[in-house]
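Two complexes are shown next, each including chain A; its partner changes from chain B in the first to chain C in the second.
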Partner chain A sequence: MKLYAYCVTEELPAGSVDSMPGIDGAQSFLIQSGNLAAVVSAVDVERIDVTREHVLGHERVVRGLLSMTTPLPFRFGTVVDEPELRSYLESHHSSILSQLERVRGCVEMSVKVIWDLERIKREASEMEEAEDPHGQHQATNQSGTAFLAAKKREIEGASLLKERGEAVATWLMECLGDSVRDAVMNVQPSQPLVLAAAHLVERGQLEEYRAALGSAREARNELHFLTSGPWPPYSFTNINS
Partner chain B sequence: MADEALELLEENELSLLETLDHVLNRGLVIAGEITISVADVDLIFLGLNVLLSSVESAQEAFGKRGARSVIDDLNRDK
Partner chain C sequence: MVRSKLIEPSPEVPLPVAPEIDTLHAEEFVEELRCVADTLPPRINLDAQSVEQGLAKLVLTLIEFIRRLLEKQAIRRMEGGDLSPEQIEQLGLALMKLEEKMQELKAQFGLAEEELNLDLGPIGRLV
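Our next item is the complex of A and B:
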């Protein structure tokens, strides 16, 4: 029998997940290993298709656990047999425990920031013109000098975008201050969606976090924010396999 | 990007995209046992940027009708 693995938690009372239907409606149950427990359900296939129902089934179980503890989710599609799962839990025992310690009592909050990329590019171009008012860089010949000048402008433009993108990430972290215990940030300055941030927030700090985020949004109305959460701490499961 | 379009994204698509991003792209991996791979693809960036582009294109194409009626049309076509 194969097992579909949803998440790992600290030890849970037997029967804690009996009422949580998992992938394809299969009943969830616990595999206890020392003071750790993996939440699983039985599957009769080696591979779980990526369908809306399956993805939502995975999320439903992990989210259900979030109401009673702080789970470390497995990535979607983790199908193992029981000896493999037990071996994983035993060989990664200390790193899983320290990761659970890191996220205990916390939830993940997600913030995506969208900026007006075309406007930022225009500003970069205007700055460049201000620095080169005589337009010397706009040589029309195809000389090596003109080529190198164009290359230099391209690199400088990308560098300015990168700076601006990183400044958004730094600014947001400063705004959120102590309400965030940890953060994972992905900055993509060449895209409209410039920043995807996951914030690890203690449950007791959620009100403070939301207030700080609200103030940040009001302060920068040229940016658009997409927020969601609370999530199980999916982005804070960095255990080396 | 018009706020109207972004608000529609939030209503219609963000929740599912966020779920996909979290569930498919993150979480513990038991080496060798993951049966799907989306490594090196950040789904939320991929998905949202595609959506942002498609909504912008739709707005350009449909002009003054606005994003709401365009998305209503798209939903009717499904």
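Our next item is the complex of A and C:
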């Protein structure tokens, strides 16, 4: 029998996942290994297709656990044998416990930021023009010297974008202050979606976090925000390796 | 198979409600997130053609990485003043031809510019 693995947790009451239907409505149950428990359900396939129903089934179980404790979610689509799962839990016992300790009592909050990339590029270009008023870059494309000059501007432009993108991430972290226990930030300065941040927030700090985030959003009208959560700590978990 | 110990959630710790999503720019984010989803790798398919393309992608990514390093090094040397105008011209032409060749190879294997990259986990992306 194959098992679909949802997450790993510490102690749980017996029967606590009985009312949580998972993938394809299958009954969830616990596999115990020492003081760890994996939440699983039986599947009869080797591979779970990525469909809305399956993703929601996975999320339903992990979220159900989140209302009782802070689980370490497996990546969507993790299908294993029971001996394989037991072996994994035993051999990674201390690493899993450390990760549980890291996220204990927390939830993940997500912030995505879109900036006006065209405006930022225009500003960068204007700065370059100011620094290079003679416009060396007007030389023909057939010239090796012009090619290098154009590359230089391209690299400087990318560097300026990177600085600005990282400044957005740093500014946001400063605004959120101590309300965030940990953060994972993905800065993509060459894209309109410049920042995708995951914040690990203690449940008791959620109000403070939301207030700080609200103030930050008001302070920077030129940035467009999408905030979401609370989520299980997917970005702070590494139990699939 | 079933656990036995009961843990009571601490009364000071509020339980999370359903996730909330908040934005004033929903359409803009939907479009951007759709672009991100489109660039996610599909499941690995080990047929001969996909293996060949995967290998080409890996090799071209490494060449692209080295090509960019060479460009940066050439610019450093140009700015450092240790190259004559003729040498700068020759170096620039060589790098220009290398870039053209890379464009040809990418087209041949049907690879877009943004595909030539490697996610190195916590230390970011290669290119």
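Note that the second predicted complex is superposed on the first by the 234 of 241 C-alpha atoms of A that agree within 3 Å, B and C clash if a C-alpha of one lies under 4 Å from a C-alpha of the other, contacts with A are read in each partner's own complex, and residues count from 1 in each chain.
Keep this in mind: contacts are C-beta pairs under 8 Å (C-beta built on N, C-alpha and C of every residue); 3 or more make two chains touch, one makes a residue touch a chain.
Please read all numbers here as calculations on a predicted model, not as lab measurements.
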### Task
Quick one: classify A:224 as touching chain B (first), chain C (second), both or neither.
both
### Message
Let me test your reading of the model: by the given contact rule, A:76 touches which partner, first (chain B), second (chain C), both or neither?
### Response
first
### Task
Would you sort A:206 into first (chain B), second (chain C), both or neither based on which partner it touches?
second
### Message
By the touch definition at the top of the document, which applies to A:68: first (chain B), second (chain C), both, or neither?
### Response
second
### Task
Return first, second, both or neither, reflecting whether A:182 touches chain B, chain C, both chains, or no partner chain.
neither
### Task
In the overlay, answer first, second, both or neither for which of chain B and chain C A:148 touches.
second
#### Entry: Which of chain B and chain C A:24 touches, first, second, both or neither
neither
### Query
A:166 contacts which: chain B (first), chain C (second), both, neither?
neither
### Message
Let me test your reading of the model: by the given contact rule, A:46 touches which partner, first (chain B), second (chain C), both or neither?
### Response
first
### Message
If I apply the document's touch criterion, which positions on chain A are contacted by chain B in one structure and by chain C in the other?
### Response
47, 112, 114, 191-193, 224, 226, 228, 231
### Summary
chain A partner, complex, touching residues on chain B are 1, 3, 6, 9-10, 14-16, 18-20, 22-31, 33-36, 42, 44-45, 48-49, 52
### Query
Which of the residues in chain A end up touching chain B in this complex?
5, 7-8, 46-48, 50, 52, 55-56, 58-59, 72-80, 84-85, 88, 108, 110, 112, 114, 116, 186, 188, 191-193, 196, 224, 226, 228, 231-232, 234-235, 237, 239, 241
## Note on the structure
Residue positions on chain A within touch of chain C in the complex are 10-16, 29-32, 37, 47, 63, 66-69, 105, 107, 112, 114, 143-148, 151-152, 155, 191-193, 203-204, 206, 224-231
### Task
Using the touch rule from the top, collect the residues of chain C that touch chain A in their complex.
1-7, 9-10, 12-26, 28-29, 32-33, 35-36, 43, 71-72, 74-75, 78-79, 85, 88-96
